[in-house]
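As written, the chain order gives the labels A, B, C and D, with residue 1 at the start of each chain.
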């Protein structure tokens, strides 16, 4: 089992070398500059029949070549970017706001980090990779296409700053601008004094266990039911993966119930 | 349809006069001091076949006599205490913390209110009614009996202060002390600059519509599927009502789906 | 040198027994219930020619009998209530707001403490002593009698709550409602995660040194120039003592300069 | 009287064209790219004997040529960058921390602005001008060269982000990391929901009145006694201008007292 916990790599979009296993293998021979280190690890893991989960925001497993290989080899993959601090909080709060149909005008998130992770993310090319991963969550949860009046005009800003006094800890501050009945404005501020490794460690353990379970159960390709653990969950099919942490959790639990032959929980009066 | 929005009444525990419809009616004749104004309204509503939902933290519909009468008359009741500001936030965050098995050591909540509501709640006998309603939510969500290491030792403190500069608005500040992997401590602070009436108004409207629907559908007694709207939801049976807002929402939606003859949503891979 | 650091005593106003040294001594013989423990310590200290500074919010040295005795014995006294956490911050911020003539509509301060200090202050009779000491600072700094439009209508609320998870630390949260040009409203929130003993320890040391210096310099009675260290500084004369921490600091420094025979600092262009 | 309130210009260091009035005038003829618009206004004002105060963070009056001209023409100048929101708070809090010799490990400041000012400052070349102006204040107040253990290792980070939902208002959030006795760490968080124009307007008025007074009083060159109003106060002599708002205020008041022939206030026991 490999659960990738490396530093964020520079921003990259998929290119020709990622289009198929054959192209990727040719790229390896050609020392293609578009192949990032984490991709080589993912490739090697699958070739050894080792499931691979990606805890960083780089593409890594979100590539046609890796998905193709995981199906060929019948090995599960999952990703990407552990959902630990500020984004964890965001995917907890956003479903709550939506449950009450509270409108959202803006969400400003700033992070201060004091360790090597903060230093790496202070470089714009690395930050862009992280930013992409972090910005996606609101749209998936709030469905602006279904509720344009409430969620069609959101300014979502995410910043990360290297601030050595925070040391191995992390602090996330969010300013959330919502509106209710008759358009009245309200504000929520969240200050999260957290610890990245402490929040990430149990995710690593859970993923190692569940990826192993999936492998033994004969699953291959993207394990979308593990979206619960990721900031930018990789979809198994054409539809985007779920971002709402509570739906992700229900999906995780009911998928396990099904594998065990139990009935899913529905919380209906009859159920 | 009556949706009760009166000020909080003084704290009271159920007494003999509330034990049955007959005792309550005798109490009305005797001008019994244990009968609070909201209880008379609830009684009168049911006698007129009008569904009654209680948005205040007083007992009102949480009394044997009122439940008995609602079944006799075949009229739905629901309560209690609209879930709008700080408690809304609490039942959004607590399920999120629990989803990740983050331990909770304490939750301090203070509220400042500037209008008549704040003035009424500054009186200790009224505040106690509110405090009881507000304190219950964490236990129901976190299940300390199932997870004693994580949730067996929580200091939960709730305070409300009358602070005229806040005017018709409200501000809730929460200090939440959590712990993760290996017992490492982390903190979350939430400042919610909100507006009580703006958050409550759509709940009043929803309840009026859903109580009417329930009445037409022939339902009577406590409408537990409407727990989504209440801080201290009244249970229909022996088990406590659900406090987790996301389970409450799923229950609300799947109950409606069932009444329509549709399959409940399960979010499982197969579903 | 005695620097009193005991827990807050129950609220008390001066009574007959405190009116003179003679009355106090009679009260000691009669075991008068109006004599609090800290007062006996202060009396004993002065009788032994030991200067006494009061770090708690009880009256102790703010009594005619103790002031009279300190002059008789030619021993300095000072008090009261160490200025450490939230009130320290308040006497830093309030002069800043006033320097810019920003109006103040309200100041809500809540404190959470987890140790024995918090437990003692949870008792209403002890809290009242502390509340009196804490509420006084704004009036002295802002001069509502001089600026009634800006500072004549302030809601100042101070609360302390016992919250065990905070342990030996302390957290103060302030919501400050100000207004500027044309009456436009603005808000300041301050969250102070502090440590009471760490903030108090250097004050104890400074006071021990300065009280000794004053004693050697032949000073007696109230040492108003040490107001810098106290939440409710005791005045030497008829005028209230200064509350603005920056004026207090200038007073402390210029008093020392004078004793050394140096010119005071004025910060004027010529100075 | 001119009080310059234009948007922040791109970052610039003084160059040859700013070295003397003669060089500047040649630069005007040559249409020198190093001459920014605000500099032309300042030059023109002085040539017309109109005092000029600079409310923006650009150099403008901080140039040898403009200082030379203001002395030649006997006209006062002052600058730079109105001290209104977050920096106002910083120069209130930092003297307070220093008064108690509390150490400072870091100060992270983030700002969100929603109007044209925020948009202009989102451009890195403009932000750098602002950043330089904002970063300077702590060193001047805390004197790291005198107190290296307390203030010799400070991470001071200032960020500004364009966030349209904030509209004409502004929000500044500060995370301040201090340490006390025995090196124990404490934290202060300040959230300032403010309004830039409302805080700036009275400064414009005060400066117009005081610059006029200075002109009538025959003053010329840099009016350092008006430092109270500026984030990066321009010094009249070789020594840096004072940054501590309370010393600035004392300086302002005592300078006026001296001009009136009154004794300065010293706050000493004798004074």
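The working rule: a contact is a pair of C-beta atoms (placed from the backbone, for glycine too) under 8 Å apart; a residue touches a chain by one contact, two chains touch by 3 or more.
Treat the numbers as computed from the prediction; the structure is a model and nothing was measured.
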Furthest chain, CA centroid comparison against chain C: A
Selected pair, greater C-beta contact count between A-D and A-B: A-B
Interchain centroid distance [CA atoms averaged], chain B/chain D, Å: 52
Chain A and chain B: spacing of chain centres that average the CA atoms, whole Å: 34
Chain centre separation (chain A, chain D; CA means) in Å: 44
Sites on chain B at which at least two other chains make contact: 189, 191
Chain D-touching residues of chain A, taken from the complex the two chains share: 105-106, 108, 110, 112, 155, 157, 159, 161, 163-166, 171, 173, 175, 177, 189, 191
Partner chain B, residues of chain A touching it in the complex: 88-89, 92-93, 95-96, 99-101, 180-182, 184, 186-195, 198-199, 201-202, 224-225, 228, 242, 245-247, 249-251, 254-255, 257-258, 264-271
